[in-house]
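A, B, C and D are the chain letters, set down in written order, and residue numbers restart from 1 in every chain.
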Amino acid sequence: MGLEIINTLILLLLVVAALVALRVKDLITASVVFGVYSFLMCLLWAEMGAVDVAFTEATVGAGISTVVLVATIFNLKRKSSD
Amino acid sequence: MFEDGLIFLNELFLERLNYVIYVVLLLIGLHAMIAKNNFIKKLIGMSIFQTAIILFYVSIGVKEGATIPIYLPEHDPHGEQAYATGGPEALTVEQVTSYANPLPHVLMLTAIVVGVATLGLALALCQKIYQGYGTVEEDELMAKLEKEDASSRKPKTHPAGKSSSKPEVSSRAKRSGTNSVGKTTAPQAKKSSGARKTKAPVKKATRKSDQKKGDSK
Amino acid sequence: MKNTSLIPVVLVGFLLFYASTDFPEWGDPQSPASSSPVSSHFIAKTGVDTEVPNMVTAVLADYRGFDTMLETVVVFIAGMAVLAILRNFSRKKPVKRGHEVSVEPDLIVTNTVRLVVPVIQIFSFYVLAHGHVSPGGGFQGGVLMGASFILIALSWDLERALTRFPINRCMVVAALGILLYAGIGVLSMALGGEFLDYAELEKVLPVSREMARYHAMLGVEIGVGFTVTAIMFALYANLSSRGRLEGGL
Amino acid sequence: MMENSIAWILLFPLFGAVLSSLLGMANRKVCWPIGVLSALGAFGAGIMTLIRVIDSPDHMVVYLFGGWTLDSFPRGVGIEFRADLLAILITLIVLGVGLCVAIYSKLPVEQETPEKEGFFYPLFLLQITGLAGICLTGDAFNLYVLIEVAALTGYGLIAMGSKRAAAATFNYVILGTIGASLYLLGVGYLYIKTGTLNMVGINEFIGATEGLKESPTMQVAFVLICLGILIKMAFFPLHAWLPNAYCHAPTATSCLLAPLVTKVMIYVMIRMVLTVFGVDFSFESTLWSSVLPWLVVIAIVSAAVMALAQREIKRMLTYLIVAEVGYMVGGVWIYNYYGMVGSIFHIISDACMTLCLFLGAGLILRKCKTTRFDGLRGLFSKMPLTMTGFFVGGFSIIGLPPTCGFFSKWYLITGAMVAERWEYMVALLFSTMVMVVLFFRLIERIHLAVNESGENLGKGHGDLGLTKEQTRFSEGPLTMLVPLLSAAAVVLAIGIYNQEFVDLIEIFLDPFDLPGEPLSK
């Protein structure tokens, strides 16, 4: 039962993180929140028994994707219109 | 009828929360890809869309009470048990149910890789668009593209053969052609907002340097 | 505009909710996906077929090795395409950006990185080589390795990272990774099997058919690791400097 | 070599890509020969496989990667390539077009994307790998990976052009990813219900399990897969990415992508309908199969009208592609024998004629520096061979005998008549009329000096109104002209030997229970 509560909590946080990442106007914040989203996703998968997928998501989604997004945003405008 | 509904809701929100949340995330991502104006936001939406699908696949692989798909020591092909019996043996049916299904995990490893490859490529495209047009906002880009089209068309038209129907045709062609994902904008509205906004980047360009200095540190 | 773009979203959402009423029980071991002969075979026989304890690695690199080769190719394509899009050979004139600042790298940061990078790199080798037994494998190891170079670029500057791993060498390493992967496949084809039929490698390796698969999988993972390391770093190097490969963030 | 010929179809371009990226760093000059040679090698392997397929008793060659043979392992443990007659025919078209464009690409690449040969040829060859793999694979998830291989190389190849191309590609990336992801989701739904990813395995499971055909999950899976593929093939309301992407792409890229990508996706749809879901399920899952034919009619008519509004050859051709996609999708959903034959035959012939037109447009662009209609005055007397090749493609799109376009259209119309789908037939005839108008307007302009408003600038009988400069004979370079002329020859040859192709298609369609009598019986 304890696991299910964690599961539910993560799932709800995921939706929150996704909405925040898409709503904030500052793109750096958005990409960091997206990193948080990826990491929550990674936790969820680890909990569901997909350790390899979780590992990959931790390195790629929370790591490389965020770094590459930030690197790009530094070369563009930081503010978004929506 | 009412009780059926309650049972359904209970099932939906307690046992199948994963399936609900994946659909919600997928729709959030899809909506962002279609409706967001900023390209980076579109790409974040794209990643959310893809991870939602991955979440769905991983949910398929879950088995009640099963462990991760790595052999426990007693089934390890290089473990003591295997040496004692002279080699690894196939698992029995009961033992099979004690491991999670590895196939969706494998598929999703591939999908994650494809996702990051697409993201990298799309970010490179964003930079190239920004180098060319100074914006990564869809409406501003559309306005600039229309301007560019109009100016590239003018000098080539023959002065004698310039017919009155020309501009109408070209705008019609564009309406059908340059329609993008966010094709739902009425062309009229796009034009007016574009005209308003085209002035902004000029001003911003001068301010950009100090603004960015502030941003970077 | 917001409202019209909701129409496809609502339609897709309706479809998906409609379908999910019909899914099998959550986590049911008897559901078609979990009880199908294919996944039962993976769970029951991976040890017999390949002697690899981590089923995911075995399925990834051997049973569905062709998929993984194409996945590596996708990574390679991304690197090539980013280079092709961003490199501008005709105009070499550097464009000075507003936010570029020329301060010395921070002492604490650089010294920490100096300590951390070797650890990350050794860990990435561990992840790659230990992928048969624990979570991990070529892809994760490669990403970690690439991340260590990105860390160098972040804490000093891009030039410093590029002197350690020049962009041309990146592309050579990436291509070599694919060559290694496909080469193992072709070698097994030359020895009389199908493409990627690692078991045939027993003819050149002093081990059994199962262990030949085991070792060939390691070779394949190394190939994946090569490509991913190089491309992840090349992606960062190009994206952070608009393809000019200098300055960086 | 012989028994592994299917693998070599993919391996030649793969190794060619790796080699040309490695050697291209040292010397860019070697990239083109490597590209041509590996395309040639793949084509040879394709021919070899075709011979094997025709010789084999059940017209099928199955190749199991990794040696996971069917007699000791369950089906779907490894990845399977299945070359039946349809698959190998489409593969050969892919490889042939690839070879043609590889030869053609030498000069356009040097001119339009200078110093980028080391990137162009690897991406070009991997595109061929991806498309050929899509045709051959027998595994639903492997198909997704190959679609992504083809898509990513396509993005890279298109965006190599101008900055405008990058803007067009971005839309392609977003829509293409939506399409591929929807396909992936559909495969997930299939997997949750059937527990296998192998196409034949899925089909057997659907046939063997009671009540699976009525299950909502299967229905939604079918809709999602179709939706994803329809986005990828630029079916009319979802076509927004195509015209801009192909217009602004470098010449060699548009010559490779325009004939192949949409057609290969239609092949995927046919494969899904026939092999994966089965005829019964696909055509009797009520809602979708009654909506689609009407969408097809709208698609054909509106794409034809939009093509009519264009004043530029390349852009006009892109809308023609969208209209042709409507033909082929319609042919599949007529749901009878002739429609299916017409659809498959039209994939083959449309690939050839689109190739012809785009190669011709590339040559025109090189000579005139523009593809706008008013820049083409009197081009025929300048480059007669090029224009002949171009118009062979044009006549084939209109559907004049003896080009291959006539015969495929003939089957489509026969199918529509037999199934009494009059609305589809009217749409077909309407778009044929539009194409007649389009091409004869072009012919007028290219033969005579006619200005934008249609007024002839000539002085009288026998005077075309051309200056000396405009009539000086100057054909394009040989590496570009030869592929164009051979493509034109192939268009005519397929038209003349159409019966042989139809026979092969009929052999393929024999086991599927489609309504309507086969022609040969």
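Operating definition for what follows: contacts are C-beta pairs under 8 Å (C-beta built on N, C-alpha and C of every residue); 3 or more make two chains touch, one makes a residue touch a chain.
For clarity, every value in this text was computed on a predicted model and none was experimentally measured.
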Would you kindly say which chain has the C-alpha centre located farthest from the C-alpha centre of subunit B?
-> D
Higher C-beta contact count, A-B or B-C?
-> B-C
Cα centroid separation between subunit A and subunit B, in whole Å?
-> 13
Any idea how many Å lie between the Cα centroids of subunit B and subunit C?
-> 20
Determine the centre-to-centre distance between subunit C and subunit D, using the mean Cα coordinates as centres, and give it in whole Å.
-> 31
Separation of mean Cα positions, subunit D and subunit A [Å, integer] | 38
Listed in rising order, subunit C residues that touch 2 or more other chains are 16, 21, 23, 33-34, 38-39, 42, 54, 56, 60, 64, 67, 71, 74, 77-78, 81, 85, 97, 99, 135, 139, 235, 239, 242, 249
Check: subunit B positions touching at least 2 other chains come out as 18, 26, 30, 59-63, 66, 68-70, 103-105, 107, 109-110, 113-114, 116-118, 120-121, 123-128, 131, 208, 212, 215-216
By the touch definition above, subunit A meets two or more other chains at residues 51-52, 56, 60, 64, 68, 72, 74-75
Full enumeration of touching chain pairs = A-B, A-C, B-C, B-D, C-D
Where on subunit D does subunit C make contact in their complex?
-> 4, 7, 11, 14-15, 18, 21-22, 25, 63-68, 73-79, 113-116, 119-120, 122-123, 126, 129, 133, 141-142, 145-146, 148-149, 152-153, 155-156, 159-160, 166, 189, 191-198, 201, 205, 215-217, 219-221, 223-224
Residues of subunit B defined as touching subunit A within the complex | 14, 17-18, 21, 24-25, 28-29, 32, 36-38, 40-41, 43-45, 47-48, 51, 54-55, 58-59, 61-63, 66-70, 100, 104-105, 108-109, 112-113, 115-116, 119-120, 123, 126-127, 130, 135-137, 204, 208, 212, 215-216
Subunit A residues within the subunit C interface of the complex | 51-52, 54-56, 59-60, 63-64, 67-68, 71-72, 74-75
Note which residues of subunit A are touching subunit B in the complex, please.
-> 4, 7-8, 11-12, 14-15, 18-19, 21-22, 27-28, 30-31, 34, 37-38, 41, 44-45, 48-53, 56-57, 60-61, 64-65, 68-69, 72-78, 80-82
Okay, in this complex, where on subunit C does subunit B touch?
-> 1-2, 4-6, 8-9, 12-13, 16-17, 20-21, 23, 25-29, 33-34, 38-40, 42-48, 51-56, 59-60, 64, 67-68, 71, 74-75, 77-79, 81-82, 85-86, 97-99, 101, 133-135, 139, 235, 238-239, 242-243, 249
